[in-house]
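Please find the structures below.
Across the two complexes that follow, chain A remains constant while its partner is chain B and subsequently chain C.
On to the complex of A and B.
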C-alpha cells in the first residue's frame, strides 16, 4: 500500500495492468467482424447476439421501451436489427455488456448504482442532444456517454488504495476529481478511458470524445462528439446525477456549448424527456432480466 | 421568461421567442402579445409550448404554484455548492441552475 501510494503508476503501466484484469467483451470482435463482412446476413449477426441470453433480453426490452417509440412489438433480435440498425444495435450491445466487465469494485470506494446511473444519464443526454441536432446514429452518442467515465473504473480497479486517497482528497478540497488526478497522477480518468478504448481498438469517434470530455478543445477530429459528451456530463452534474453524490459541476467549456447550436428554450423539453428515459433505461439495464 | 405549454397560455401574454412550426416556418414573432386566435393557430400547427414572459422579474420563482418559497430556498442552498466551479452569470449555467432548483424544490420537504 505504501509503495503504491508513493509511486502512482504511469499511464502505460496502468493500461498494461488493466489488460491483464479485464478485457473487451469477447463477442464484440466477432460481432464487428460479422457486421463488416460483406457476405454475412442479419441472421448471422442476430445469432451472435442471441448467444448471450442476458444481453439479448436486455436489448429487446430496450428496443421495446418508449425510447425508441416503435408501435409494433419487437420480439426477436433479427427484427430489432432491421428496425434499429446493425451498427446501432452493436453500440447498444457494447454499452450493456461493458457494465458487466467492471464489477469487483468495493461499494465503499465507488457505488456502482450511482456510477451507472450517472453513465446512463450521460448516455441519454448525449443521445437526445444528438437527436435534437439530427445527427446520424444516435446510439453511438449513447455509447460514448455511457463510457465517458470508464477511466474512473480502471483507476479504481487497478489502484484501489490510491483511488481512495484521490476521492478523499477531492472531498477535502471540494475540488473537481479530474484536477486532483492531474496533480497526483499527471493524467486524469478521461485520458485513461480514452486510452483504454483505443487499446481495445474501439474507433476514434468514441475514444476521442471520451478522452476529451473535460477538455473538448483538445478533440481534433471529433470535436462535435466531444462537445456533446462534455455538455451531457455537465447536465448530469447540474441535476445531481454525478458519478457519486456531491460531485460538483465540471467547468463549462463555452465554445463547446456554442458548437451545439441549441437554444436555451429547447433545454427544458429536452431535459424533461431525458429524465423519464434515464429511470426507464436504468431499470432495464440493472434489473435482472 | 418561461416555457409554457399550450393549456397554460392566456391572451395578453408576451412572446419572448419566435414561434416556428416543425419545418421552421415562422408563425408568430417574439414580442407579440398573444390573442385567443393565436392559441388556435398554435394548436393547428402542432406547437406544444412557447416561450413567454411571465411578468415576474424574480428569476428563481418556478411557474408551478405547488411549491413553497421555503422549499425553493432550501433547494437553492443545497444545490449552490455543486455549481461552485462555474459562473452563475453564464446563460447556460443559470438556466440549468434554475431548472435544477425548480425540480429539486418539488422533491425536498
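On to the complex of A and C.
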C-alpha cells in the first residue's frame, strides 16, 4: 500500500507517485502535434485516432448523438474531423480516454459509475453554457468538465485508505469534500487535478479552471472558464447527478455567475436540454462499444 | 538491398526528421504571428468602415493574406434572417459561391455551421471543399463566411483555423460597433433635424417679429408726424391767442387749452419715446454742447411752471465741471426736464435745487452726476425702485392727482443707461426727494464757442437772468410750410418779435423765391407736397442751381420727430433742426443763433 494512515503525502509526493501509476493517454501528444502541423493531412490525424478502435467507436457514437445533432450520419473519423473540427475532436478524444486511465479504484471506495456520471454531467453543462455564449470550441469545456474532479481519482488511487476516511467524513459531517481535504491534507482534489494536468503539459486554459472550480476567484487567466466549470459543478450537485443526496452543494460564487452574463430565462431550456444529453452521453462513454 | 540501419542510426534519422518537422511548424507559427501583428491596416479599415459591405470587403482582403482559398465570400444576415452574398473575392466567382451557398443551405451544413463558432469543412458536389464559418459575437449572428478550398487540400492546420476564427470574430465585433455607431448617428441626425426644424421655426418667428417691429416703427413715424402737425397748430395758436386782447374768462379758457395741449404733447412724446426705446430704435446723437447753456435753457423752459407753482428753482455746477462736453444734449435735456417736471409736480411749496458734480474723470471720458433736490412729498423706500418701471407712479392713488403716463422715469432710466449711467432716488415721505443720475460724456474735439457763451468762470456758473432774444428785425426770413395753420402760427410768432417773413407753400416755390431774392434764414418744413424740404435743400445747396445764395442758413421745422430725422436733415444740407410743435423759446434761440443778436 502507498499510504501510511498517520502521515498524508504532500502535494509533490502525491504527484510524483501518480506519475508512476498513470499517465496522459499516449495518443494525445501525437494528435496534438498532427493537428497543429501545416503538412499533416486529415488522414494522418484520423489514423492516430483510429489506432484506438474503442476510442474511435465511442467518438463516432458521440458525434452522431443528439449533443451534436448533425442532420446526416457521420460515418468516419475524417468526416467527424471536418464537421466537428480537429481541435474539438482531440478534446473529445481525451475526455473519453481519460476514463480508462484510472481503473483500479475499488468500487466500495468510489462508485466509478457515479463518478463518471457526475463528470459527464459537469462536462455537458459546461459545454452547453459555453455554446450559449457562443464560445469558440465548446468541446474544450466538455473536457474541462470531465476532468474537474480528476484530483479525486488521484487521491483515491494513491492513498485509498485516507481517501476512504475523507469520503466518510464528508458523509458524516455533511461537509464539502474540499474542506475536509483541506483540513486533513492541506490541499484539495481541485488543486491536485490542476497540478496533474499541468504536469501533463495540458494547456493552462484547462488546468486552471480545474484547479479553481471551487474557488473561481483564484483563476487569474481563465476566469470565464473557471466560472463555467464552477456553475456546472453546482448544477450537478443540486440535481444530484452522480452525487449522493446527502452531499452538500458547493456555495455559489456570485461574481462567477455574473461573469457568465446569462439571463435566468435562458437557463431552463439549457437545463432541460442538458438532462437529455447526460444519460445518452453516459451510455456512449461507459457501455461496452 | 539497403543495409539494415543500426538502432543508433535509426534513432538519429528519426530525430533529424522530427527536428525538420518541428522547425517547419515553428516557421509557420512565426510567419502567421508576424502577419497578424502587422495587420494594423485591417483594423483601421474596420474602424473606419461606414457600411457592413466595407467590413466584409476588408475581411476578405485580410483572409486572402493567410489562407489558400480559391474563392471567398461573406454573406450578410438581413433583418428577415435571410443570408445575402454581400462581398466576394475574386468577383467572377460570385455565381459559384452563390451556388455552393444554396447547396449548403439545402443540405443543412449551413445551419450546422451557423450554430458553431468555428470552421466547418464539407465536400461539395461541384468538386471543392467548402469551409463555412459563422460571423458572430456572443450576442448576435451577423453573417457567414464561405470559402472554397481546392479538393486536394488535405488539412487546414489548427493554427490557420484559429487565425480564421480570430479574423472573423474581429469582423463580427466591427459589425457590432458599426451597428452602434449607426444607431448613434441616427439619433444625432434626428436630433439635428429637430434642432434644424426648431431653428427654422424660430427664424421664421424672428422674421415675423422683425417685420412687426418695422411695421410698428413705420406706424410710429406716421403717427408722430400726423399728431404733431395739428398739435403745432393748437399749441401755437393758443399761445398767440393768449398774447391778444382777451377777457378774463377767455384768457382762462385759452390758458386751459394751452395747458391741456402741452400736457397732451408731453404724453404723446413720452409714449413715442418709450416705444422707440423699447424697440431699440433710439440711438444717442453726439454733438458738442455747452452744459451751462443747456441748464439755462431747461430752467427757462420750466420757468413759467415754477413761477405758477410758487416755487424757486436754482442750479449750480460744482468746480471741475467743464463748460463744453460731447454727448447727446437733446436727451440730457429730456432727462433734466423730466426730473424738473416731476419736482415741480410733487412739490407743493419750497424750492428745487439742481447740482452738477464731476463724479469721475478718465482720459477719454468723464462722468457727471446730476442731482435734482426738491422739498416735496417724498417717496417711501419701498416704492423707490418701482417708480423707474414703466407705467408706475409712487402710489397708484397719486395717478389721478398728479397725472402723467408714468413713463417719464422709465424713459429717463433707459436714456441714462444708454449714456452708461445710473439713476436713483434718495427720499423719505414728507422730506422731499433727491433724484440723481450719472451720465458719461466725452471731451469736445475742439472748444466750440457757442452763441451766448457764458463769460463767468466755469466753476462759478449758475442761474442767471434768461436772455430774451433781441432780434435783428431787418433780417429777411423765408418760411416754407404747406400747412396754413402752421404758417400762421410761425408768422405770428415771428411778427411778435418784429420779424417779417415771406412764405412759400412747398419746396419748389421756396427754390423759386430764393432765385429771386436773398434771404438771411430759411425755416423749412420737411414733409410737403410737390417738393419736400430735403429735395429743396439739396437743390438750394447745389452750386449749379439758380439760387442766388447757396449758403443761406436753413433750419428744419419738422413733425418727424423720429430717430434719424436730425441726421436726415443735416445730411440733406440743412444747418439746424426744430421739432414741431414749435416751442417759442427754441425758435427764439434758433433765431439768435443764426441771425445774431441783432446788433449789426
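FYI, the second predicted complex is superposed on the first by the 282 of 289 C-alpha atoms of A that agree within 3 Å, B and C clash if a C-alpha of one lies under 4 Å from a C-alpha of the other, contacts with A are read in each partner's own complex, and residues count from 1 in each chain.
What we mean here is this: contacts are C-beta pairs under 8 Å (C-beta built on N, C-alpha and C of every residue); 3 or more make two chains touch, one makes a residue touch a chain.
Everything numeric in this text was worked out from a predicted model, so none of it was measured.
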### Query
For the overlay on chain A, clash or fit between chain B and chain C?
fit
### Task
State whether A:42 touches chain B only (first), chain C only (second), both chains, or neither.
second
### Query
For A:265, is the partner it touches chain B (first), chain C (second), both, or none of the two (neither)?
first
### Message
With both complexes overlaid on chain A, does A:126 touch chain B (first), chain C (second), both or neither?
### Response
neither
### Message
So in the superposed three-chain picture, is A:56 touching just chain B, just chain C, both, or none of them (first/second/both/neither)?
### Response
neither
### Query
If you stack the two complexes on chain A, which partner ends up touching A:257: first (chain B), second (chain C), both, or neither?
first
#### Entry: Closest Cα approach, chain C to chain B, once both complexes are overlaid on chain A (Å)
6
## Note on the structure
chain A contact set shared between chain B and chain C covers none
### Query
So in the complex, which bits of chain B are touching chain A?
3, 17, 48-49, 51, 79, 81-86, 90-93, 95-97, 99-100, 103-104
### Task
Going by the contact rule at the top, pick out the chain A residues touching chain B in the complex.
174, 176, 234-235, 237-240, 242, 246-252, 254, 257, 263-265, 267-269, 271
### Residue numbers on chain A that touch chain C, as the complex places them
33, 35-45, 70-72, 82-83, 85-88, 131, 133-138, 261
## Note on the structure
Given the complex, residues on chain C that touch chain A span 21, 24-25, 28, 107-108, 111-112, 115-122, 136-138, 154-155, 157-161, 165, 169
